[in-house]
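Have a look at this one.
Lettered A, B and C in written order, each chain numbered from 1.
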Amino acid sequence: METMMFKQIKSHFATDDVEVKRNDLYKVGVRHERLFELIHMLRDEYDYKTLNAITCTDWIEEGHFALTYMLTTEDRKHTFMIQTMINREDAHIKSFSHEFKQAEIMERDLHEMYGIDFQGNKNLKELSLENWVHTPPLRREFDTLEFVNNNLTFREGRDDNIDTKVESKRLRALKKAEKEAAKKAKEAAAAETVKDEEVKDGK
Amino acid sequence: MKWSVDLKGTLSPLSILTAFWQKPNTIAYPAVKKETAKGYRGFHTNFLADCIGCANCQDVCMNDAIDMIKTDKEYNAKNASQCIPRIDYGRCCWCSLCTDVCPPDSLKLEDDYLNVTKYASDFLYMPKNKE
Amino acid sequence: MENKHITIFHGPQHPGITGNMSVELDLIGETIQKATTHVGYLHRGFEKLIERRTVIQAFTIVCRICVPEPDPNEANFAMAVEELAGLEVTPRAQYIRVMVLELSRLAAQFLWMAGQSGSIGLYAVGQWAIADRDLILDLFEELTGARVYHMYIYPGGVRRDLPEGFLERVSTLLTYMKKRLKVYDDIFINNASFKSRAIGVGVISKEEAVANGYVGQVLRGCGIEADVRKDAPYLVYNELEFEVPTQTAGDVYARALVRRDEMDQSIHILEQVVAKMPEGEVMIKMPTHRKFKLPKDDTWVKVESARGEFAYYMAGDGSEKIRRMQVRGPSLVHAFTLLEDLLVGAELSDVALIMNSLGICPPEIER
């Protein structure tokens, strides 16, 4: 059953990117123009009737978002991960909210966190963040540490933190210097005693 | 919703009245305190004669809660940096990752968990010096 | 006629909701015309926090995503990391994980009973349920070191071995629970006032349930035998024997009966685990936290929690930090798509009843 499905996907969509991850999990990569065609084919011919989740990963080094749609069969025994890449700048894709009712809330969540425009979704309002005007937070260019250091104040009392590696090096160098100084002082004292004895003998 | 005679459903909840002559679930705190189980993740203790000041605990702490500060006197000659950890309880989540990575096993968690104070500066907690 | 139309907020501070969210209701008289869910009071930003932490540091905060039942989060995280890194867990650790997950499921169902009975005014049942849940939390305190946020199911095994005599204490508790649950049957499940409030309220149809991606007791209350432990078994569930209870009516009372039967099944599974516990190590050797790297790959793992199917998506990128972890809890779709649908035409006094029976947990909606 699955080999027939994979053959059809590979030939129809001209992709070799079909993977079997576990005995109940498959993954395929497809171009975003043909995403709807693939999902309709899986839903109508192969029983993948339920949309479980839509996730997004930010690959900032490669310049694209990887959107993954999880579809499950009606008997819930197999899951298909369908992955497509969209551009990071001006990210947009057609919405699934007309075909799967649950896609509306999932796309609303991703719109808020990544700034992706799901064309056709009527309800892209804010969800968890209120009156947020900065970059969509889950994008990799949003640096939380820098944001926090610029906008919030920290409680006093923690300025006496010491870097232990630097401190151990310093203490070791200090001990070494002390040892050298003690050695030199001993040698000098020994030389002094020898000189004194020479003078005594000479007398 | 139609009303129909449900004799069992009306009379069986009356068995709740047997609670009158059962032992209560509550204990008379603070006269009687609940016994904490062994291995509870409470406040930190650090045996300073073993602590070597390696800052592994500071490195693994996932919330940046540990500061290494200078000791007031020499507790352990093998402590290369002469620094010991102090923990910010405003940030600590008691995950005990710091006790897992301590090489001489000097940092531990005891079963004490109550600390009531008027001052927010008391959040910076110095672990008790015991075994 | 104009004065009959009002808009009120049910929540975010309301004893009849299961967490911290609000539902904006448009009413005519006491019948609801339109419902809009609002969340955002519990957004802590877990998915962004994970980006700056190594894998072992991230494990400590994952349990806080779901407050009533933290253990499915830890199990999902550990299973995803182990799948990406190619690690195999010892049999004793797998049996201990199953024991922790089933005890956590029992504790969460007691918490559900407290919420459901409180929503119709049977407060005595709720207080007894919390007191019985406390006995399970005592066992957790002994095993893991904390009562609610255990941080115990570690990638690679479990953190500590069982204490001396622990399995005997679990068996004693299970014998007590079997007797005690019959008392709850008398005072809550068969109670005429609960039946007259709950039968015929909040009915969901079977076709809608499958198409819209609902999970858990919503599906089982409509007659579909949906359980991740049977459909796609994980850990050692394929070696244990249990049933999946279903009802056909699809209303609040059917879902309550399903939950009551699930508590019996949890006790049955725990008895088998206690009898079959193998010997051996509980933790495999793991590299230090700055050297544990995940390959550039992604995966999707799921677990059956007390409220339904809980799933994680995890992607690694070859470094010691996780690139992306997305949490798909059971409540995301239930709180928006399902609740806004069910509440149209319902009465105002039934809002708390319906929300509790769907098992909506706001912390996992907005993480």
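We adopt the following convention: a contact is a pair of C-beta atoms (placed from the backbone, for glycine too) under 8 Å apart; a residue touches a chain by one contact, two chains touch by 3 or more.
Nothing here was measured: the structure is a model prediction, and the numbers come from that model.
> Return the chain pair with more inter-chain C-beta contacts, choosing between A-C and B-C.
Answer to which pair has more contacts is A-C.
> Computing the C-alpha centre of each chain, which chain sits at the greatest distance from chain A?
Farthest from chain A by mean C-alpha position: B.
> Counting only Cα atoms for the centres, state how far chain A is from chain B in Å.
Averaging C-alpha atoms per chain gives centres 31 Å apart.
> Between chain A and chain C, what is the separation of their C-alpha centroids in Å?
Distance between chain centres: 26 Å.
> I'd like to verify one number: the distance from the centre of chain B to the centre of chain C, where each centre is the average of its C-alpha atoms, in whole angstrom.
Once rounded, the distance between the two centres reads 25 Å.
> Which positions in chain C are in touch with at least two other chains?
none
> Show which residues of chain B lie in contact with chain A when the two form their complex.
Counting only chain B, the residues touching chain A are 53-55, 58, 67-70, 80-83, 88, 90, 120-121, 123-124.
> In their shared complex, at which residues does chain C touch chain A?
Against chain A, chain C makes touches at 39-40, 43, 45, 47-49, 51-52, 83, 210-213, 226, 228, 231-232, 298-300, 311, 313, 315, 323-324, 326, 328, 332-333, 336-337, 366.
> If you look only at chain C, which of its residues touch chain B in the complex?
Checking each residue of chain C against chain B gives 53, 56-58, 60-61, 124, 131, 134, 138, 141-142, 145-146, 149, 151, 160, 163, 183, 186-188, 190-193, 195-196, 199-200, 288-290.
> Please name which positions on chain A make contact with chain C in the complex.
Listed in rising order, the residues are 21-22, 24-25, 27, 49-53, 55-58, 66, 68, 70, 74-77, 79, 81, 100-102, 104-106, 109, 113, 126-130, 137-138, 140, 142, 144-145.
> Inside the complex, what are the residues of chain B that reach chain C?
Checking each residue of chain B against chain C gives 1, 3, 6, 8-10, 12-13, 15-16, 19, 25, 36-41, 59-60, 62, 93-97, 101, 109.
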